[in-house]
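The following pair of complexes shares a single chain, chain A, combined with chain B in the former and chain C in the latter.
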Partner chain A sequence: MKPRSAIPVASAALALALLAFATPPVAAADTVDPAADAKAFKKFFTDKFPKLKPEDFVNGPYSMNEDLHKQWEEKEQFPPYEFSLEAGKEMFSKPFKNGKSYQDCFPNKGIGIRQNYPYFDEKEGKVVTLELALNRCREANGEAPFSYVKDDMAALTAYMAFTSRGKPFDIKIPKDPRALEAYQKGKEYFYTRRGQLNFSCATCHIQSPGERIRAEVLAPALGILNAMPIYRSEWSGMGTTSRRFTTCNSQIRGVPLDPQADEYRDLEYYLSYVSNGLPISGPGARP
Partner chain B sequence: MRNTVLKSVLTALLVAGATSAFAASEDDFKAAYAAAEAANKEAGSLRNQWTTTASTLAAAKKAADSGDFDNAVAQAKEAEALAKASIFQATSEKERWKNMEIR
Partner chain C sequence: MKPALVLALLIGAAVAGPAHAQSAAAEGQKLAFDRGKGNCLTCHVIKGGDLPGTIGPELKDIKAKYPNRDDLVAIVTDETKRNPQTVMPPFGRNRILSEKEISAVVDFLQTL
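Let's turn to the complex of A and B:
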């Protein structure tokens, strides 16, 4: 083997070896108890950040230190998501070509219901997110689906989140083994290391909230979806939960899955459930 | 001085000869690329492909298209190693994730 090819192959072999010894041997955790998980999850964060009230966690990095919190308060005077919110409100009430509108697809005409999404659809046997429900509504009424990651979808979900502001997340896990399985798969996805950088969601959002990763302050996993969708300065625009998940994957050098892949739906179900009781604060703004 | 120049020329000739004797062919590249693609496909079935595998595969193809089969084979082998590492990661994480769980 020539030196030119030997070096990269050797470096990959070293990466493999590091992966092999990165974590200690496995301990069993086979019982699935979402209520106990949620309790332990909250306790972990409230113990780690004893000065914060539980509802502060929904402000993500802005809850992590005083300077950032001041920045957030100033930002909220003229929030960068306002244009998107206005657009979403207009889109939401505008009828489709067939005369129906989004209001016809949702309980309570779509107002003040964001805290109930995602939910487990027992008929389908899968998790249904708000973004998915919105596109299904469009398709059922003869309209083309929107991109899941930004623009129109972000505007619609921004408006729906706004009508739910202050309402606590209320995710239900019905007595259906498939629902429990979806929850468990979401949890597994959250803790599973992936990508060449060998990061899991938990690496950043459990092990290191409040710490910096380059110029960013990492958000705590507790309440991380309550502010969705968000305006991110880094994106110079709005992004949905789908955008957050896919970009997290690519940042750790993993190939992102399709937005609304089963894994992401399950992940959203898990993360939302463990934040039950914390208020919806979306749309949000992030650095 | 003359000796040093002579030695350098001889060394250069020897290196050039050795390199051409082991230069990779298009068939070598095709075999290495197919192996890398197969490994990356397996990583895909485990829902755990790496972006670096894809970019290294693309670099291998680009080198082959320009006729640089030495580089193409080296890149393809690197891509295969990356894909195998992603397979290892996905397989070992099937149980290891539990170590990180908050309980």
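Let's turn to the complex of A and C:
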């Protein structure tokens, strides 16, 4: 291992401070500037990893160095998420008991639309994620909702991501103060320290991307949701965005929220928005 | 305990001196490596530990760098006091380790 001085740590911390407080944490809604945030966010990562283009970040830990990138290429030869993708494809067109199917719940029959989720629903006044929309579709058609974290939900989102591969994230923030507030709350959640170990999401995914925490290489926050859902060897199975959020919260000895709690919906909105323009790469495979 | 480790500790003892400090250092090493306790290896390379992470600096020559043990107690208790942006958890403030445990960990650090 190369020895590391305190200097890079300190400069990362400084950059983080700039990033986190470029707008005051609890700013009045009219000073929140998501477009400027997203630009600064991208610049932070492309400055830190000058060899990578923004679209290179979508492979999580595998984007962090050449050895890891090779591992990723090898994995993609026999993708471990294949079984889930197949299952998702079959489930997606299969009619519910009432004769309708998922296709009836989504624009463009659900094909090639992953990049538009989550969106801000102005009727509800809240963020709606893809996972939430899928369960709402089931319930509206008299079917029981799926668990948010794996199996069926992962299969469905895997298929929807696959049909959207290469399409750039296109998250919109409508001119509605509640949308801006949801974005801002998601951002605050991301930078707030919590849990017995006193970590924020940013501690790991902004301050330390590419570093190893024990044997795991930390993914950069830029493009961190583009590959969802993912197959992880460590889980011996698939996991959704909900699974990843709750797992990361448990790792810091914090109390994970319910999947699709308002905080997580806002968090997903923020993280997806700042990755606008980066291509959907899901489903992904991870160590 | 593995013979090699016992041997390493015995050699450590000869250098470190008093027997009680020695056993406290051994206890401190256990706490530092235990995933449910200090789990310092998550972030630091430490001699004798497996699968270290790379987030923090390697912990070595600690006694030369921090001759005053109070400085080490302060770092382990709450490094955010010295560096508000640090990723290192505040082991004392958040009661991940007790005062006594921190003292043992510091004894161990001083053998590095």
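What we mean here is this: the second predicted complex is superposed on the first by the 257 of 287 C-alpha atoms of A that agree within 3 Å, B and C clash if a C-alpha of one lies under 4 Å from a C-alpha of the other, contacts with A are read in each partner's own complex, and residues count from 1 in each chain.
Everything below uses one rule, namely that a contact is a pair of C-beta atoms (placed from the backbone, for glycine too) under 8 Å apart; a residue touches a chain by one contact, two chains touch by 3 or more.
This structure is a prediction, so every number in the text was calculated from the model and none was measured.
J.: In this superposition, which partner touches a larger number of chain A residues, chain B or chain C?
T.: Comparing chain B with chain C, the partner touching more chain A residues is B.
J.: Once the structures are superposed on A, label A:F96 by its partner contacts, choosing first (chain B), second (chain C), both or neither.
T.: After superposing on A, A:F96 lies clear of both chain B and chain C.
J.: By the touch definition at the top of the document, which applies to A:I206: first (chain B), second (chain C), both, or neither?
T.: first
J.: Which partner does A:R214 reach: the first (chain B), the second (chain C), both, or neither?
T.: Touch partner of A:R214: chain C, not chain B.
J.: Give one of first, second, both or neither to describe whether A:N198 is in contact with chain B, with chain C, with both, or with none.
T.: Both chain B and chain C are touched by A:N198.
J.: Between chain B (first) and chain C (second), which, if any, makes contact with A:F83: first, second, both or neither?
T.: neither
J.: For A:W235, is the partner it touches chain B (first), chain C (second), both, or none of the two (neither)?
T.: neither
J.: Is there a shared patch on chain A that both chain B and chain C touch, and which residues make it up?
T.: Residues common to the chain A contacts of chain C and of chain B are 4-5, 9, 13, 16, 196, 198, 203, 207, listed in rising order.
J.: So in the complex, the part of chain B that touches chain A is made up of which residues?
T.: Of all residues in chain B, those touching chain A are 22, 44, 47-52, 54, 70-71, 73-75, 77-78, 81-82, 84-86, 88-90, 92-93, 95-103.
J.: Show me the residue ranges of chain A that touch chain B in the complex, using the header's touch definition.
T.: Chain A reaches chain B through residues 2, 4-5, 8-9, 12-13, 15-16, 19-20, 23-24, 26-29, 36-37, 40-41, 44, 187-188, 191-196, 198, 200, 202-203, 206-207, 250, 253-255, 257, 263.
J.: Using the touch definition from the top, list the residues of chain A that touch chain C in their complex.
T.: Answer in residue numbers: 1, 3-6, 9-10, 13-14, 16-17, 196-199, 203-204, 207-208, 211-215.
J.: Residue numbers of chain C touching chain A in their complex, please.
T.: Result: residues 41-43, 45, 51-58, 80, 83, 85-87, 89-90, 94-96 of chain C touch chain A.
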